[in-house]
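In structure tokens below, several structures.
The two complexes that follow have chain A in common; it is paired with chain B in the first and with chain C in the second.
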Partner chain A sequence: MKKWKLLSMLLVICMVFSLAACGDSAAPAAEGGEGSSDEPIVIGVISPNTGALAAYGNGIVTGVDLAVEEINAAGGILGRPVEVIKTDDQSDPTECLNAFNSLVSQGVGLIIGSATSGCTSAITDAANEEEVCLLSPTATADSITTEDDYIFRACYADSFQGAIAAAYAKQAGYEKVGVVYCAADVYSKGLFDSFSSACAEYGVEVVASESTASLDVQDYTNQFTSMVTAGVDFVYAPFYYDVIGPYVVPQARAAGYTGVIMGADGYDTTPDYVVEGADLTAFNDVYWTNHYDPSDTSEKVSSFVSAYEAKYGSIPSAFGATGYDCVYMYKAAIEAAGTDESSAVRDALADTSAVYECVTGTFSLDESGTPVKGAAIISFVSDGSAVTSKLVDVVTELP
Partner chain B sequence: MSTFFQTLIVGLRLGSIYALIALGYTMVYGIIRLINFAHGDFIMVGGYTMIFTIPLALRMGLPAWTAVLAGVVVCVLVGVGTELIAYRPVRKTGTAMTALITAIAMSLFLENLAQAIPAIGPNPKVSSQIFASGGISIGSVTMEYTTIITILISAVIMVILYEFTQKTRLGRAMRCVSEDKAAATLMGINVNHTILLTFAVGSGLAAVAALMYMAQYPKVYTTMGSLLGLKAFVSAVLGGIGIIPGAVLGGIVIGLVESFTTSYISSSMADTFVFLILIIVLVLKPAGIMGKNVGEKV
Partner chain C sequence: MKKNKTGFGYLLNTIVIILLFTAFQIITGIFGSQGSFKLVVVPCLWQCCYLIILAASLNLVLGFLGQLSLGHCGFMAIGAYTAALLSLACERAELFTKKEGAVFILILFGCIIAAGLLSALVGLLVGVPALRLKGDYLAIITLGFGMIIVNIINNLPFCGQDGLAQGSAAASLYKNGLGFGSKDKVAYIWVALLVTILCLTLMFMFIRSKYGRAIKAIRDDEIAASASGINTSYYKVFTFAYSAFFAGIAGALYACANATLSTSSFAFTNGGILNSTFVVVMVVLGGMGSITGSVVAAVIMFLVNYQIKNGAWVTALSASVQGVFEYPMLVYAIVLIVVILFRPKGIFGTYEFSLMNLRRDVKASLARKSAERAERKGAKSHG
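Then we have the complex of A and B:
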């Protein structure tokens, strides 16, 4: 009996050691394959897939997926397939940093994200510190990109977007305008700043400006009552779709404001967030600036829109378009660098002479990493039962 | 002058919602001395229930507001479930503080649970029109029917609740439990049943509040209960927590302060003033506007 016991114990010890040995030998094997030709190129995506701005995340993720599918079908980048790791920031800056850290800990050196300026500004310092490329599809705040860093974007900056709106007010003959914005939000405040400074430049007077304490406010009636009192017929209201549809526009009309309401790319997807059964003619005379116009007939746009429609059954939002563009910008940069190593890709993106032919325009990046390109001005049109978008103008240069 | 009336109406509109929610807070606090932080999330539960049942009601040819019945049923189930699963076991073993922390935990749990349910998800949802638009015009401004209905409902519920707690056997049992649980048991009152009933009434009220909220602010999202609940809680404390007419008064005051600050002081400082008023009132009158000083407070 004793012999048996001893033998079995020995056996157990042997097994434990052999398991440990397995563990040891497995680890280097996993790391060993890096850099080989069929190892996938990994791109991380940070977007608000859940939370109040989930429509943005959905747009970006679908756009990225479509681009990656096309690239992989055509043989990948430098002959290597592309793999995407998606993370969710819930449009919360803290969650955004968590998502970023999780991508970095997985060894990802190329990241697309995030959608909003508030979230993206939470990770720009970390990206520079970790020397990880960050390419944002739609973070428009001026402060996001600076010279000599790892941060780039596929969209114009707010100083341009706000100025386009001011130029439009001037061109349409409004001499006195008002602004309703959120003082506590980077995006809304940034657009307010650029709009008002552009107004000063064009000789348009901002006679009334009202703000809200947070983006969670439900009632905008008082703000628009002051617009009526100030006698303006043009109000710049840079908010997001989740309040524009159910709150801002209907309440502004109920407060007796009948003039133009103008906004920015945050108005995208508003028609999906309007109150069914309410008087939707309120949405007439609402204008906004966007990254692209899906009804554009150019070959690049129409082939993107039809491919997207075939895959997802809907018209891509600007977030889908810029997300799609981000992947192709990385493709061009990786091919120029000849490697997917992040500092080399960064140098390729920082080359201001490189030209990117994208859905949202053909452009090169300026010293800060922001595209030099135009904006589409779009208006909402409603017959009372549904809201649709209509292209008004495409502006490529400021007056 | 029209700005003044407009501001007044916006204040009443916000205030009537806060009042309706504050009634639920005050009801539960008055009986079991528990600040039910999950009450704001019961509003969310009611809101989502109606988002799904309003189309059904419309398809059956019923007016949209009848969906509130489904909301009441679901909210009562959730409220009673919360009491049975979370609050009652904690109350048996823990202190008032553990119960309070459990209420906060319950609030976060409900918010995240809602996000995890695929049909709800994290995206905000916009409801369809609930009451006919239009209203009574005073000069150039209009007081919407929805606002008037909300104020009337708050007033009616306030009166019913007050009479219920004062005059009926069950109401008297509730007040007994609130004063002394042990003595109430000796008098033959089933304490657990009474508390359960309190939760049922309080949660049912949350569904009504959700209906009126959606009628004026037609957007529902999973975290909507947190700020809304906080403002309503402040209203209840301001009016004197545990005192039913105080909740309505507090709600209206908070709504008016918020609206007038926006119009006349600074539109970005509305919340600052709401909470400033709370501090001032609590310094001057710790038991709230209508409260009587009884020594024991939160």
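Then we have the complex of A and C:
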């Protein structure tokens, strides 16, 4: 009996280790220190590396790693090497706060994190109380950053992203539009609010709006049937990549909807999630707003994309790009402050005249700590065999 | 004679608890402002407190009543949102502006009790129809209930981003009237400890009362129990609601420990330690039918979860072990498999840790062990 137990234990351990071996073993935190006697500058990263939104965490971590590697190869910041401590929040607010506290108790004063607005909002108060800089790569909810605090971000806010879509609808000549969204989610609901209020401002009428029960429902036929009944040719549908590819777009076309479907940065990586064998021409006339366009030919973007591809073998998502940008924003702020002490770095980041030249655009931060930058409007193009992205327009200012 | 002994037990426990409590207050006074105490020890204690109450309250249903409930986090969600929204309402009405003073403490305890009461009420409403079923069927009903609660909260207009009647429904409640920052957590750690001790005492008293004996009889044989004149459905529903009451209180403490609430934290698919399956795991790990076992298991599960992600010693381990630690769910699974393989009845079984009987229990356990050893030796020499 005991032998069997030991044997089964052994099997379990074997299985676990083989599973762990399948996952890419993370490179140990960038070790610096060669040729420099100075203490390394430590940056903490909080991201959802496991759990439902692991793809986001993975994007951020790879982007940060790439940036730190480049900076260290070029001699570090202020001649000091950069070291990264990575923590996992499993996209849960409590775990996020634990990770934050653990980083602060290790003496980290500069933190990049976290990916979602829900998690980030759990640590904003704590960051202000502990006087630790918090730079979020992708927390887009409007209420994350306020004036006079330690919270900054490298992405635009939801109110801007929704308005961009409304401006596009106006510009393209659509008078009547429809919305399919999820009322139970911060992201989707926030975008719906900003889209509809911007529509009112631009004189575009929202004639039909339909909500889903949650962000991961798999049937959108009824919603799009009522869009067809309402006679709209432009539907705003803010969802994430995991439902856009397999469900939303194919079902909308199947329901007889032939007009434009527009979305937001959640559409990133959709081409990886389309169903094989499905009619991919359905993805024509799908537009979305993003933080950057990977096919941009500017020197900054193309060198980032090629370096990322050389290191990881894939096209960087917007999360990789904003994670990469966060490190360079800290670099610029530390160099401006002349020290890595958190309150000095905070003052440097709060300086609204500082200009950051980043992959996701050249921008400066406004009073609240949100970048004033444009969004790329991207469309999917498909000839039936594959879905590719094409840049339509870069909008820097709302009309 | 027996009554005197029980009285003595309560007295002994009270004295020890008061001593420990004072000692802890002194330690807090001395180290309260220091970094690692404030940032690591105190937040961990808060989380341990609500996990302990949650696990112990589920043990009432799972261990003592013998009914599998997979929706316990639903009650916790109700408690958390009730406490958070009530306190926000009080803050908006300017009943308190700073998190200090007698009024705030009164509101704090009011919110905690209200959270428990609302959860108990919902527990009653769910329990009446659900407890007509048994075993797997009840598990599925409670599982569904947990999901329903999360979806209802998501779609209630006043549970929106900034709380009561501010903005429409969303998965997160950004501001939370109770939500303590690091300094307040140190200042109010006594609330968490006091509430935990009170809840555990109430649960112990329940188990030792006529009610406790009745539900244990129902667990062992429902037909025999009802034949002996026990109103089984009454006791079952009562225990369910009583357990939901404490889950609601655990939720209120959760709201205190977090500045923000998100329904996804209570959802069945939550990847962290806080989901209904994990609470069941804690109860099984500690021993079904042992409140002290649940306390120990909750602390162990919390420490495993916390240490593998944030422990400083992890970096000292070899790369392959660190690779496993990157997937926390794997580690919980190993812990569970090890315990169930080598000790199927859980860490404590049905044993209750007791200060008064500690000497007697240790002696009995040693005697049993040596007897077992002697028996095995005897068996060997014979065989």
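Going forward, the second predicted complex is superposed on the first by the 361 of 399 C-alpha atoms of A that agree within 3 Å, B and C clash if a C-alpha of one lies under 4 Å from a C-alpha of the other, contacts with A are read in each partner's own complex, and residues count from 1 in each chain.
In this section, a residue touches a chain if its C-beta (ideal position, glycine included) is under 8 Å from a C-beta of that chain, and two chains touch if they have at least 3 such contacts.
Please read all numbers here as calculations on a predicted model, not as lab measurements.
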Contacts of A:98 with chain B and chain C, given as first, second, both or neither: second
Figure out whether A:143 sits in contact with chain B (first) or chain C (second), or with both, or with neither. second
A:277 contacts which: chain B (first), chain C (second), both, neither? first
A:214 in the overlay: touching chain B, chain C, both, or neither? Say first, second, both or neither. both
Check the residue A:125 against both partner chains and state whether it touches chain B (first), chain C (second), both, or neither. second
Is A:189 touching anything from chain B or chain C once the two structures are fitted on A? First, second, both or neither. second
On the A-aligned overlay, A:242 touches which partner chain: chain B = first, chain C = second, or both, or neither? first
Touch check for A:366: first (chain B), second (chain C), both, or neither? neither
Which of the two, chain B or chain C, is in touch with more residues of chain A? C
Identify the partner contact of A:90: answer first if only chain B is touched, second if only chain C is, both if each is, neither if none is. both
Overlap of the chain B and chain C footprints on chain A, listed as residue numbers: 50-52, 90, 183-184, 213-214
Interface residues, chain A side, partner chain B - complex: 50-52, 54-55, 90, 182-184, 210-214, 216-219, 221-223, 225-226, 229, 242-243, 245-247, 254-256, 273-279
Touching chain A in the complex, chain B uses residues 2-3, 6-7, 10, 13-14, 115, 121-124, 126-129, 133, 140-142, 144, 217-219, 221, 227, 259, 262-263, 267-272
Contact residues on chain C for chain A in the complex? 35-36, 39-40, 43, 47, 151, 154-155, 161-162, 168-172, 174, 179, 181-183, 254, 257-262, 264-265, 269-272, 274, 306, 309-310, 312, 319-320, 322-324, 326-330, 333-334, 337-338, 341-342
Touching residues of chain A toward chain C in the complex: what are they? 5, 8-9, 12-13, 16-17, 19-21, 23, 25-26, 28, 49-52, 87-88, 90-95, 97-99, 101-102, 104-106, 117-118, 121-126, 129-130, 141, 143, 183-186, 189-190, 213-214
